[in-house]
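To keep things simple, chains are lettered A, B, C and D as they appear, and every chain counts its residues starting from 1.
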Amino acid sequence: MDNEKQRVSGTDRDAEAAGNFYPLDRFNAFSDAVFAIVITLLVLDLPVPPSTEPVLPALAESWPDFLGYLISFAFIGGIWISHAGLTRYMRRGDIVSFRLNLVLLLFVSLLPFSTHLMVAHMLGADAPVAVAVYGANLFLEAALITALLHHAAHDRQLVVDDVDDASVSRAYRQRRTYLILIALAIIVAFIVPLAAVGIYIALAVAFLIQPLIGMWRKH
Amino acid sequence: MDNEKQRVSGTDRDAEAAGNFYPLDRFNAFSDAVFAIVITLLVLDLPVPPSTEPVLPALAESWPDFLGYLISFAFIGGIWISHAGLTRYMRRGDIVSFRLNLVLLLFVSLLPFSTHLMVAHMLGADAPVAVAVYGANLFLEAALITALLHHAAHDRQLVVDDVDDASVSRAYRQRRTYLILIALAIIVAFIVPLAAVGIYIALAVAFLIQPLIGMWRKH
Amino acid sequence: MDNEKQRVSGTDRDAEAAGNFYPLDRFNAFSDAVFAIVITLLVLDLPVPPSTEPVLPALAESWPDFLGYLISFAFIGGIWISHAGLTRYMRRGDIVSFRLNLVLLLFVSLLPFSTHLMVAHMLGADAPVAVAVYGANLFLEAALITALLHHAAHDRQLVVDDVDDASVSRAYRQRRTYLILIALAIIVAFIVPLAAVGIYIALAVAFLIQPLIGMWRKH
Amino acid sequence: MDNEKQRVSGTDRDAEAAGNFYPLDRFNAFSDAVFAIVITLLVLDLPVPPSTEPVLPALAESWPDFLGYLISFAFIGGIWISHAGLTRYMRRGDIVSFRLNLVLLLFVSLLPFSTHLMVAHMLGADAPVAVAVYGANLFLEAALITALLHHAAHDRQLVVDDVDDASVSRAYRQRRTYLILIALAIIVAFIVPLAAVGIYIALAVAFLIQPLIGMWRKH
């Protein structure tokens, strides 16, 4: 906060210019809190079997809820890591990045709703729509992260000094691959809804399994 | 936190004086968390269509809930940006700013309730009162931000050194315009309630669309 | 975080000693988040009148809920400010302060439950118990803040260098006065429950009105 | 954030290398928020006696809920302190530590569900399974903290300079003891479920009582 201010007032002496920037620490703190709440709200949807029913069969019967919990935890966690990966190259925000971030968080905070919707309809007659709505939510969120990357990469006043173009290009490529995969899942949702759910599971499992592989390779 | 302390104890040597100031980092962290929770609680009110009903007609039928979600997300997000815009000029807090901030957060945390109330009664016989209550909540919250600005601007010990009077005057003008618009919406609510909702939508859409225009103008 | 570590490793060279200290930034961040959640959960208990009922009479009828909301918002906010006022004199934590803080947060996070209990029974046959339980919750929370103050004040390694004994004595006196007032309210609860509620209201209103008086005196 | 970046870019000059690291401040802020939400959600499960029932008998009847609240508050608080104790030795994160942390938080955020499950079935026919599921949740969470410790301890680029091997060995020993105790409780759950609950209570009470003993020994 303080360093931020010193830097801002040091680089752009006149207060008018400094007034165009917003503190990155609040950008991060607010985003971290929203991500944390959204990822934790998911657990409220897990049904506890009533005391008169046997535990394991009741848990097994509500497998779609646990599946939705796992998939959405992995996606929201993944979006959060992408967000942290993006902001580590930023040194301050401006009004546009703050508002783009809010629109991003709007779609992030809709994910518990979309998850609930997909889980409730996944095996029903309206599965295509419900599974596609979930994909659309993921797509819009990913598009906003890309817009935020685009905005920061084009305004050198927002990024740290030593970002090289190769890092930016690599980030763009990763975002593009992810957007294409989600777009494919949405198309698949209208043909074979459960196959689209399969793509979501594959992406989520890949994400949750990777650290263990990462540890094994390293140590 | 630490820099804060050094500065406080550096400027005002005697501990008695230092005791009059409160750390800005906790002011911000607590406020960010409250804003994040309030903005995220809204999603709990979105009704998921039961698995026996077709998805799209059910979602279309609950359009007031989605409208309320969008409007309140935009307003709470906007208040948060105003708050971050104000505190970037502050370097520490005092007991008055901490308590004014609490009263502000009291009205912020009432917004999910007011939203729910407006959405439930918007098309009913008591629409004028429900829509006006929502406006009154926005007005009180905006008045408290203005009071916080007023308090900080009048105590040079609370603000960073290089704030110029032009920035402060501009902030006052923006706050006044916003307060007048909300006051107008409250009056309109008693005559044509849905027109007041229209004003809320216009303000919210303007807020959410602006970053995209901002990006387009810049790049 | 970083400054914290530098200071710790600078003062106590051997890692064994450094291992006895815990970072104050996480102490504060976790506490701020818990306070923010607890203060915001209260709004979930406010009943929205159904769309078929007139708004104002329905709101008027649920006045105890709004009263409980206001009182608890003021108390939780007040405890948070006390907490921030205490930690501004600390420069690091230890395992005892971290655990005392957890027990404090245990009682803070019980307040929405105690509030709900008091509000539901305030006008019923069991009002004395319900109103006294609320007071007991406030008392235990206040006792834990005092214990935290006691612990920090007796371990010079935890506090910043320039704390004088007068500040510490003044903090003790304030804590003692508050504890006595709450103890009195608990006793009153068993005789005239609504009078104890009156003491809670008086303390809460005093707390929420004070900043406005503070502003008026200053400017 | 800023110091973090300066250090990263100072040590590893090329941006490619810096791109492998993730900021510890967001790691901590996100984790703190998740811990805070999970520990606070527990209070939503405490049943408020309806206004027509006497307070104390109703509260006494729902003792399993209060017991679950206390046990889980103590465990989640204890995990949070372990987490803070681990990260104070870290100076930055990488993609593996960020993802391991997410898997850890996945199990932490399941604890309110497991608590609810154990409390609902503790006195029923399916107590062994319900009590063992709670233990399994604690075990998996503890295993992930150990994995995080293992990963950080084996990558010197992630830890602060002055960590000695004795501290790391002591941390490992503590983790191992805790894992063995939880594994024992899971085995006991299948023989005498309430004895396993007794082990949970003993660990929780020990944790909550310890600070008071710590204070008494010190002052």
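The rule is simple: a residue touches a chain if its C-beta (ideal position, glycine included) is under 8 Å from a C-beta of that chain, and two chains touch if they have at least 3 such contacts.
Just so it is clear, the structure is predicted and the values come from calculations on it, not from any experiment.
Colleague: Using just the Cα atoms, superpose chain A onto chain B and tell me the rotation angle to the nearest 5°.
Modeller: The rotation relating chain A to chain B comes to 90 degrees.
Colleague: List the interface residue numbers of chain A and of chain D, divide the shared ones by all numbers used, and answer same when the ratio is over half, different when under half.
Modeller: Here the answer is different, because the shared fraction of interface numbers falls below one half.
Colleague: From the C-alpha centre of chain A to that of chain D, how far is it in Å?
Modeller: Centre separation, chain A to chain D: 24 Å.
Colleague: Calculate how many whole Å lie between the centre of chain A and the centre of chain C, each centre taken as the average of the chain's C-alpha atoms.
Modeller: Centre separation, chain A to chain C: 34 Å.
Colleague: Hunt down the residues of chain A that sit against at least two other chains at once, touch-wise.
Modeller: Touching at least two other chains: 3, 25, 29, 33, 36-37.
Colleague: Which stretch or stretches of chain C touch chain D in the complex?
Modeller: Touch list, chain C to chain D: 1-3, 5, 9, 15-16, 18-19, 21-23, 25-27, 29-30, 33-34, 36-38, 41, 95-96, 98-100, 102-103, 105-106, 109-110, 112-113, 116-117, 120-121, 123-126, 129-130, 133, 147, 150-151, 154-155.
Colleague: So in the complex, which bits of chain C are touching chain B?
Modeller: On the chain C side, the touching residues are 3-4, 7, 24-25, 28-29, 32-33, 35-37, 39-40, 42-44, 46, 48-52, 54-56, 70, 73-74, 77, 80-81, 84-85, 87-88, 91, 160, 162-164, 166-167, 207-208, 210-211, 214-215, 218-219.
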